[in-house]
Amino acid sequence: MNITLEQAEKIITAAKEKAIAIHTQMNIAIVDSGANLIAFARMDQAWIGSIDISIKKARTACLFGKNTGVIGELSQPGGPLYNIEHSNGGLITFPGGVPIKNNSGTIIGAIGVSGSSIENDHAVAEAGATALSIFA
Amino acid sequence: MNITLEQAEKIITAAKEKAIAIHTQMNIAIVDSGANLIAFARMDQAWIGSIDISIKKARTACLFGKNTGVIGELSQPGGPLYNIEHSNGGLITFPGGVPIKNNSGTIIGAIGVSGSSIENDHAVAEAGATALSIFA
Amino acid sequence: MNITLEQAEKIITAAKEKAIAIHTQMNIAIVDSGANLIAFARMDQAWIGSIDISIKKARTACLFGKNTGVIGELSQPGGPLYNIEHSNGGLITFPGGVPIKNNSGTIIGAIGVSGSSIENDHAVAEAGATALSIFA
Amino acid sequence: MNITLEQAEKIITAAKEKAIAIHTQMNIAIVDSGANLIAFARMDQAWIGSIDISIKKARTACLFGKNTGVIGELSQPGGPLYNIEHSNGGLITFPGGVPIKNNSGTIIGAIGVSGSSIENDHAVAEAGATALSIFA
């Protein structure tokens, strides 16, 4: 099961609406269940340094089927996954990456958002990931 | 002068329509005038190996202000730019990358397309790049 | 708005003067608003390991519009941006990178300095970044 | 024996004058005898894709003590150094890179120039490399 481009575009639209609602400019990346990029949008004036971060958050959330922040808690010094960020060409493990699931709970992709505080990044990613039920 | 996300999305829409019209599934990448990704879409069933190629085509067209195929003619064995592909983290110099210009002729970004023959890739990129006049 | 080479060279001159005044040998890198290198100078006897660090500091300050040290405070273990250094081909988040702004406060580039203590690195970067007003 | 920053800056000044005289905008990189960057300048409006190419040309000329174009003749299909460009993190072997020698003929660094035709790139690099005698 894989996310379609049409679904990815609806997710990006929902994420952009949330970003605008909370007065932020975001980079928004969607990957499929193979962690490969399917859609991306950078809002005007969003940091260009966040392009790569949003894509890495989406990839990280997909590769391990977890919110990126969950992995970030485990990758701290002394933690069980210390410095896991060195794998897979570079992971980003702070909040803003969220798996996207279908109605059966199967992961069909992930969204990564970067451009503001991690609270805002996560809120926008969550808004995108849950927009899926609209078209389920 | 830089392309906006709204412009980039219109260009992707035009490119997708062309891709559908010629019965292909494409990866379509748009970069701004600094060669940084602004929007991306992978049509369902498009090759995942073409994600990176489409982005590199867009970057190549932007970095040198030329259709990628023009650079590819110069980078052949014995040509003046032989193996230029080794620069800038990897270039793609076969057709499918086209600069995007505003009405003044200034380069404001570039489109890269990959997923079919180079003739089809270029045709879809051209359809995207020239869609700009719609909103000029 | 982008920094010009003439401006970048004046900034490097000011940074070198400061480096000499505090008896250090520095690597000094200037990037434009797209985080692309525009000018660089390595003072005689400066560490060659600091070439890459100075460029990465300039890129980091530009990509996020902040002094590198500010990002470094947020990227510590337990912090909100822990291990952000894995993005964008490698960031450097300790002090020595400073955005360069024009009189309107718009970021037109950034300076990165490496070769001594982080206090000295930052002092030299600051001397460069504020030299802008000379020619404003 | 290594090039000094003062020498490198004089070489860049000479190269810029030549670039202006032939109506081009160039990226100009100087490396020391260890192939490490010592000075760099990107003229306004020069291609940003040529930043990396100019640095790689300087490194290539230094690493093998030859004009880059000489190596490019040997790296062609069927040639003795076929695809040597894959080594050392990426080489550029078309003209525009020239070793810099002191009066004893010892290589003390190299210059790499990119931004126009390979004939112009080489002419500007040559103008820089031979400016050394001014201060020999």
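Chains here go by letter, A, B, C and D, matching the order in which they are written, and residues are numbered from 1 within each.
Definition applied: contacts are C-beta pairs under 8 Å (C-beta built on N, C-alpha and C of every residue); 3 or more make two chains touch, one makes a residue touch a chain.
Predicted, not measured: the structure shown is a model, and the values here were computed from it.
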A-C or C-D, whichever has more C-beta pairs in contact: A-C
For chain B paired with chain C, centre-to-centre distance based on mean C-alpha positions, whole Å: 32
Approximate Å spacing (C-alpha centroids) for the pair chain A, chain C: 30
Euclidean distance of C-alpha centroids - chain C vs chain D, Å: 25
Multi-partner residues of chain A (at least 2 other chains): 48
Set of all touching chain pairs, with the criterion as stated earlier: A-B, A-C, B-C, B-D, C-D
In the complex, chain D residues that touch chain B: 47-49, 52-53, 56, 72, 75-77, 83, 85-86, 90-95, 117-118
Chain D contact footprint on chain B (complex, rising order): 34-35, 60, 62-65, 77-78, 80-84, 86-89, 91
Chain C - residues contacting chain D, complex: 4-5, 8-9, 34, 36-44, 48, 51
Chain B residues touching chain C - in the complex, by the definition given at the top: 33-36
